[in-house]
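In the two assemblies presented below, chain A is common to both, partnered first by chain B and then by chain C.
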Partner chain A sequence: MHIPDGYLSPITYIPSYAVAVPLFAYGLKKLKQELSEETLPFIATLTALSFLVMMINIPIPGGTSGHAIGAAAIAILFDPWISFICLSLVLLIQSLIFGDGGITAWAVNSISMGFVASFSAYYSYKFLKRFNKGIALFISGWVSIVTASFVIALFLGIQPIVAHDSEGKPLFFPFDLSITIPALVFSHMVYFGVVEGIYTVLVVKFVEKLKLSLTKGVQNEA
Partner chain B sequence: MKLRYLLIPILILLVLIPVGLLTENPAWGEWDLSYFEKVLGFVPEGMEKGKEIVKPVIPDYSLGDKNPLISYYLSAILGIVMIFGIFWGMKVFLKNER
Partner chain C sequence: MRDKVLFFLYIFSVIALTSIHNIYFFAVSILLFCFLAGKDIFSILKKSVLSILVFNSIVSISYILYSIFKGTEWIDYVVLINLRVFSLTFLTFLFIEKVNLFKALSFSKTLTYLLVLSFSQILMFKKYFIDFKMALKSRTIEKPKQRELYNFISTVFYFFLNKSINNSKEISQAMKSRGFFND
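And then the complex of A and B:
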């Protein structure tokens, strides 16, 4: 789901930066408020987990592969703004150091895998947790990556419409929405959404247990 | 300190990351430019020009002739160290600011 350089036209990525920069600024402000001696190890660990889980490429039928992204867990445990910043940081490192995802596409990748995934997970969980917590976590993870894949499909699929030469030849990513949406969204609904759902359940439950035992430890000492 | 338990999920994922090397399949859309040449008969102009504006330090998590598994692990560890370093740096910076 990491869009490389050369896939998006400047008419797409320049406005995407204009949208993303104020979001980054606000997210960083939120992170500043939240970052403390107690929260730092958790936030840093969850960010590292997101980086690692994205390295675990899972092959699927049809000759492609994909992975979970780990945004939902951070959004649910902390705050969707913080999750957005954490994912954007991971995407920046992946782009600059490992060439995974383009630097021109960083804003679009951050908006989809960071912003959209985090907020869709956060609100799904907020709505669903009253029914059953485990199921709510799973569905929120699933929703987060499916909505992110939809946004990526949109950005890729509009390229042949917004950027072609006088003969209609595409200048950037050549396949339109009728191809990108089924290919990307379907594979995330069936495969990677399930992986993200399981990851979200396991990570959120683990961190909550650990946090609880930490606060209990403090109370016992007092 | 119980915080060391946070290492458990990191270690679990570190054990699992070789799975990511098992497949040669790229993610959907993330093909080599030769794929577009094959399917379309040409490579879109902007894609040809636009690739690798910035040269990555360790392209595709691969350190040249090093064993792919070792490269992948070194990349994973470098990523973890960078992430913790950046958050720690932010905390120090914030402390000084306050």
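And then the complex of A and C:
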């Protein structure tokens, strides 16, 4: 789902940096206040965990497989701010060190895959867990990736509208919202959303079964 | 200082490469980057092509088909977007190759420590994960069933979750004992 460099116009990525950087700074400050001197190492090791999650291929019924982003599991087990910071760091390391994803797209990727995915999963689970925990976990994972894909589809889909030449030809991503929303959101609804849902159920239930004590999160609030 | 200057030069170049829409500008930029790459040119070329191949192919082919269907011209856009993405990707790999990123980002102490710590943990976790995969492969003759793969994923995740928590405590104590938090 990462957007590479070259597909977002400056009119899109500069304002998105103006949103993502203060959010990242606020999240970091908030976590420092809550976790004090354990913050830096804790975020660093969870960032490595998030990176690793993206390397694990999860089989889904039907014979195919895909990787999760793990935002929902970390948001539910710990805190959505932790999940957002870790995912943003993973994306920064991927773009600047491994050359995967783009530096111009970092802010948009961070807002969608970090912020939107983490908070949508956290609040979906908080709302749904009273009905059925297992289903709530699956839906939270599914919601996290579908909402993230929707935000990415929005950013990509507005490119031909905000950045085109005098003849109306696109200068960056060429397809508009009528194509990006169905193409991206639908594939995430039927495929990657299922992967993320299965992953969220597997890991949260497993951790819960082992009664691992965690810093904070919806699990510990209950 | 050199790394910081190069970092800001990189950011400036990225903004320029996304603000100018002339294919000759991209062609000259790519030639310049190739010259700056020196002996690393082929490894950076290879990494850049591999990195953009899938996404660019999907977008370019889709756009060509879409344009043919609509009866519009497509060549200008396809050349422009491929040159733009390639130049940006080549520039990023060139930057990674020539600049110490941790020094370049040292204007923020917190960000530098987070990047250094995260990156070192990522390298360690990657190595462990490869070991896990090889262990599974060496112990299974037939393709593992879905249920077995789910168990494997849960166990691997639990191992790394545990390791994350324990490592963070160890690192925190190590940093504390070296006076990091008193600075």
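Operating definition for what follows: the second predicted complex is superposed on the first by the 179 of 222 C-alpha atoms of A that agree within 3 Å, B and C clash if a C-alpha of one lies under 4 Å from a C-alpha of the other, contacts with A are read in each partner's own complex, and residues count from 1 in each chain.
The criterion applied here is as follows: a contact is a pair of C-beta atoms (placed from the backbone, for glycine too) under 8 Å apart; a residue touches a chain by one contact, two chains touch by 3 or more.
Everything numeric here is computed off the predicted structure, so don't read it as measured data.
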- Message: On the A-aligned overlay, A:184 touches which partner chain: chain B = first, chain C = second, or both, or neither?
- Response: first
- Touch check for A:67: first (chain B), second (chain C), both, or neither? first
- Task: Scan A:172 for contacts with chain B and chain C and give back first, second, both or neither.
- Result: both
- Query: chain A residues touched by both chain B and chain C?
  - Reply: 4-7, 9, 37, 40-45, 47-49, 51-53, 55-56, 58-59, 89-90, 93, 95-97, 99-100, 102-104, 165, 169-174, 203, 206, 210, 214
- Query: Which residues, counting only chain B, touch chain A once they are in their complex?
  - Reply: 2-3, 5-6, 8-10, 13-14, 16-17, 19-23, 25-30, 36, 40, 42, 44-61, 72, 75-76, 78-80, 82-84, 86-88, 90-91, 94
- Where on chain C does chain A make contact in their complex? 14-15, 17-19, 21, 47, 51-52, 55-56, 59, 62-63, 66, 76-77, 80-81, 84-85, 88-89, 92-93, 96, 101, 110, 113-115, 117-119, 121-122, 124-126, 129, 146, 149-150, 153-154, 156-158, 160-165, 167-172, 175-176, 181
- Message: Quick check: in the complex, which residue numbers of chain A touch chain B?
- Response: 1-7, 9, 31-32, 35-37, 40-45, 47-49, 51-53, 55-60, 63-67, 89-90, 93-100, 102-104, 156, 163, 165, 169-174, 180, 183-184, 187, 203, 206, 210, 213-214, 217
- So in the complex, which bits of chain A are touching chain C? 4-10, 13, 28, 37-38, 40-49, 51-53, 55-56, 58-59, 61, 89-90, 92-93, 95-97, 99-100, 102-104, 165, 169-175, 198-199, 202-203, 206-207, 210, 212, 214
